[in-house]
Amino acid sequence: MGRSSPGLQAAGHPASLGTSAWAWRRTHPRGGATFPGPAPALCQARSRSRSNSRLDNMAHDRPSCTLEPEHVQRLLLSSREAKKSAYCPYSHFPVGAALLTGNGLIFSGCNVENACYSLGICAERTAIHKAISEGHKDFRAIAISSDLQDDFISPCGACRQVMREFGTDWAVYMTKADGSYVVRTVQELLPASFGPEDLQKMAEQVPQPGRAWVPTRV
Amino acid sequence: MGRSSPGLQAAGHPASLGTSAWAWRRTHPRGGATFPGPAPALCQARSRSRSNSRLDNMAHDRPSCTLEPEHVQRLLLSSREAKKSAYCPYSHFPVGAALLTGNGLIFSGCNVENACYSLGICAERTAIHKAISEGHKDFRAIAISSDLQDDFISPCGACRQVMREFGTDWAVYMTKADGSYVVRTVQELLPASFGPEDLQKMAEQVPQPGRAWVPTRV
Amino acid sequence: MGRSSPGLQAAGHPASLGTSAWAWRRTHPRGGATFPGPAPALCQARSRSRSNSRLDNMAHDRPSCTLEPEHVQRLLLSSREAKKSAYCPYSHFPVGAALLTGNGLIFSGCNVENACYSLGICAERTAIHKAISEGHKDFRAIAISSDLQDDFISPCGACRQVMREFGTDWAVYMTKADGSYVVRTVQELLPASFGPEDLQKMAEQVPQPGRAWVPTRV
Amino acid sequence: MGRSSPGLQAAGHPASLGTSAWAWRRTHPRGGATFPGPAPALCQARSRSRSNSRLDNMAHDRPSCTLEPEHVQRLLLSSREAKKSAYCPYSHFPVGAALLTGNGLIFSGCNVENACYSLGICAERTAIHKAISEGHKDFRAIAISSDLQDDFISPCGACRQVMREFGTDWAVYMTKADGSYVVRTVQELLPASFGPEDLQKMAEQVPQPGRAWVPTRV
């Protein structure tokens, strides 16, 4: 990429999805790693998901596979790597997330807890805030990893709401420790959601004397 | 009211659902109030919900009507009253909530904002925290009211997660300003949710040397 | 207690500070309880505080004693009682708080945790949200209790900010399990704070085209 | 820097403080920019702070100047740059922060708001979470910038608590739009704080049957 001067950039260079598939393959040769090994194709993941009770009663059609399997694996791997930085001395529950932007960059995050539990943050939100702080607001997918062996790690309601702020039609990949996954859209995970539009409607439907404020559209 | 000795009770006496239907009727005679007027029966609400885009694509069956229509109205009214206490100088978006416990008490809440926006709290969570602080953890339903004319007010993801901490099979009544409503279960609003069980599973699936902690079951 | 008609009040009747001193005395006769026994006068508390390292380097003058010792004890006792309702299966750290309003009412709260740690709430905020939801915004003092034997329990930064939303010149009583305490003002606990005024100043100092919004003053 | 292969790095390369002072000088020649112009030395900043009422009554000695003036300016500039990415459609109050790690890296952040106000995050926390997610937990200083002309922007209580999780003896630079600043330690901004040690003490002081959990030390 020939960056000769980091200069004033106080921010990071996320990995480019397009260019680094090779690097991934090299680091994780087939058969050599527990994760991911031969890519669990989407259909595999779907069949595996049958054993996961909390996802069973979602009878919706799955979102169409918009990501190439190789890219999915790349994203999952990033979320897994990100988990290593988790600061979770209170829950002992490390989580990693990797967020794919519209232009192919990946931003990763981990949970960062606090002695005042309510001031902690989840991995998904860390990744999203990070991307926003670098100027990216267009998201295609996010992957989430934890150490749970038998369950797909699922985003909490707060993270779903933060995802939803930036669109409802993008993909959430929820993984098990073995690299298998299920995928849902933000819309599926937060149906009938409250969002920026509601603040807009409030301003339109309930005019208040002396108040001309209208939220800036995203 | 004959409360002769508040004594040491630093807490409140929520209204009892069973005993105060009369009081409600008296205060809100049929036809005399904008809210609720003739009770919008659940089926009415369902038909009305067709015009609400964000709830349209929830093709699930509705949760069975566990509350008597009169009780529903009582709950909705409480949520509407609670809205009057909203402290929302920043959003100008007052919200009220009323939470019905398993033993028929109603706890109400409103949003309480903060100059540091992220330190505000929603009406739903205020009501839930209030009930917990008075020793109640068994919830049957919650109603939510706002000033939105044309849209059913819907709980944010954070509130859904806090609801879910105390069960997935209870009802959320989302209203319009005219008193019409739609109802969903917590499970429907937060499918495939993360919850207390996951922390439990983590402790079981990933034993850690020197760590014998297992979360106390609710 | 003769509550004949809770009526429409979906809210609570907080204890009245003025009328219930007797009830307190009766329940906690001198010498009969672990808490508080002979009232630790403010000066006692001050001397005791010398052993608490984190409060040692606050060389400011203490806020003047605005509360009668008896009222202080009543408030402390309420915070201690409130602790019993704490929902803290994750931290195992129960906390109680009791908030005294300008007109002599006490609202109590406890911590309410969540499997998604960041969605928990502290006891202090529960008490404040509760009071606001009942129409009270004028606060004189808050007391905090925990099970810590050797340390005065201190509010987290988030709670300090929520306290500060409603004024900087009121008292925070931080207790040990034995009932001894230290007291500081909100201002002392959150010096040089960000607050509602800053949003106001922003609106005044940085006019934006097409934006006429000014935060409503508290 | 010749980064030929972004490879697996899903994370960023923060600017190195040591190597880019020149880049800063070049971009912001003396007199050519509104910010910062001639570096406001620490003593200057102190005298300027006299006009800021909320900082007046902090009579403590200031933290010793551990950062070189040039480095301070670099940090301030980064926080100012970061402000450009703020996502604040609801408050219209953009804030930027820049965090300096023990090994000389700068991580920047901005506020990221949400239609559900309580799910927003401040600039300071974004920067800290970002650094943690990249493996850095040792912090020397953080700078904060806003558009306020006449007031030094000050961190909210929640951000102070998150700062404090990672130490009490590091510097917080609070700026005005003209680049002048005041500096305080985390300890000064959050005196008598609750922190990780308290959870540790709780585990030690209040043994519970069937609970062997002790928080992992940071």
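Letters A, B, C and D mark the chains in the order given here, with residues in each chain numbered from 1 onward.
As a working rule, contacts are C-beta pairs under 8 Å (C-beta built on N, C-alpha and C of every residue); 3 or more make two chains touch, one makes a residue touch a chain.
Here the structure is a predicted model, which is why all the values come from computation and not from measurement.
Enquirer: Using the touch definition from the top, list the chains contacting both chain C and chain D.
Expert: A, B
Enquirer: Using the touch rule from the top, work out which pair, B-C or A-B, shares more C-beta pairs.
Expert: Contact tally favours B-C.
Enquirer: As a quick test, compute the distance in whole Å between the mean CA positions of chain B and chain D.
Expert: 38
Enquirer: What whole-number Å value describes the gap between the mean CA coordinates of chain B and chain C?
Expert: 25
Enquirer: I'd like the Å distance between the centres of chain A and chain B, where a centre is the mean of that chain's Cα atoms.
Expert: 29
Enquirer: Would you please write down the residue numbers of chain D that are in contact with two or more other chains?
Expert: Residues 90-92, 115-116, 119, 121, 156-158, 161-162, 194, 198-199, 211, 213.
Enquirer: Flag every residue of chain D that touches chain C in the complex, lowest number first.
Expert: These residues of chain D touch chain C: 54-55, 57-58, 91-93, 146-162, 164, 174, 184, 188-194, 198-199, 201-203, 205-206, 208, 211, 213.
Enquirer: Flag every residue of chain D that touches chain A in the complex, lowest number first.
Expert: Counting only chain D, the residues touching chain A are 1-16, 19-20, 23-24, 27, 77-78, 81-82, 85, 87, 89-90, 92, 98, 106-110, 112, 114-116, 119, 121, 125-130, 132-135, 137, 158, 161-162, 165, 194-196, 198-199, 215-218.
Enquirer: Using the touch definition up top, name the residues of chain D that touch chain B in the complex.
Expert: Against chain B, the touching part of chain D is residues 90-91, 113, 115-122, 156-158, 211-213.
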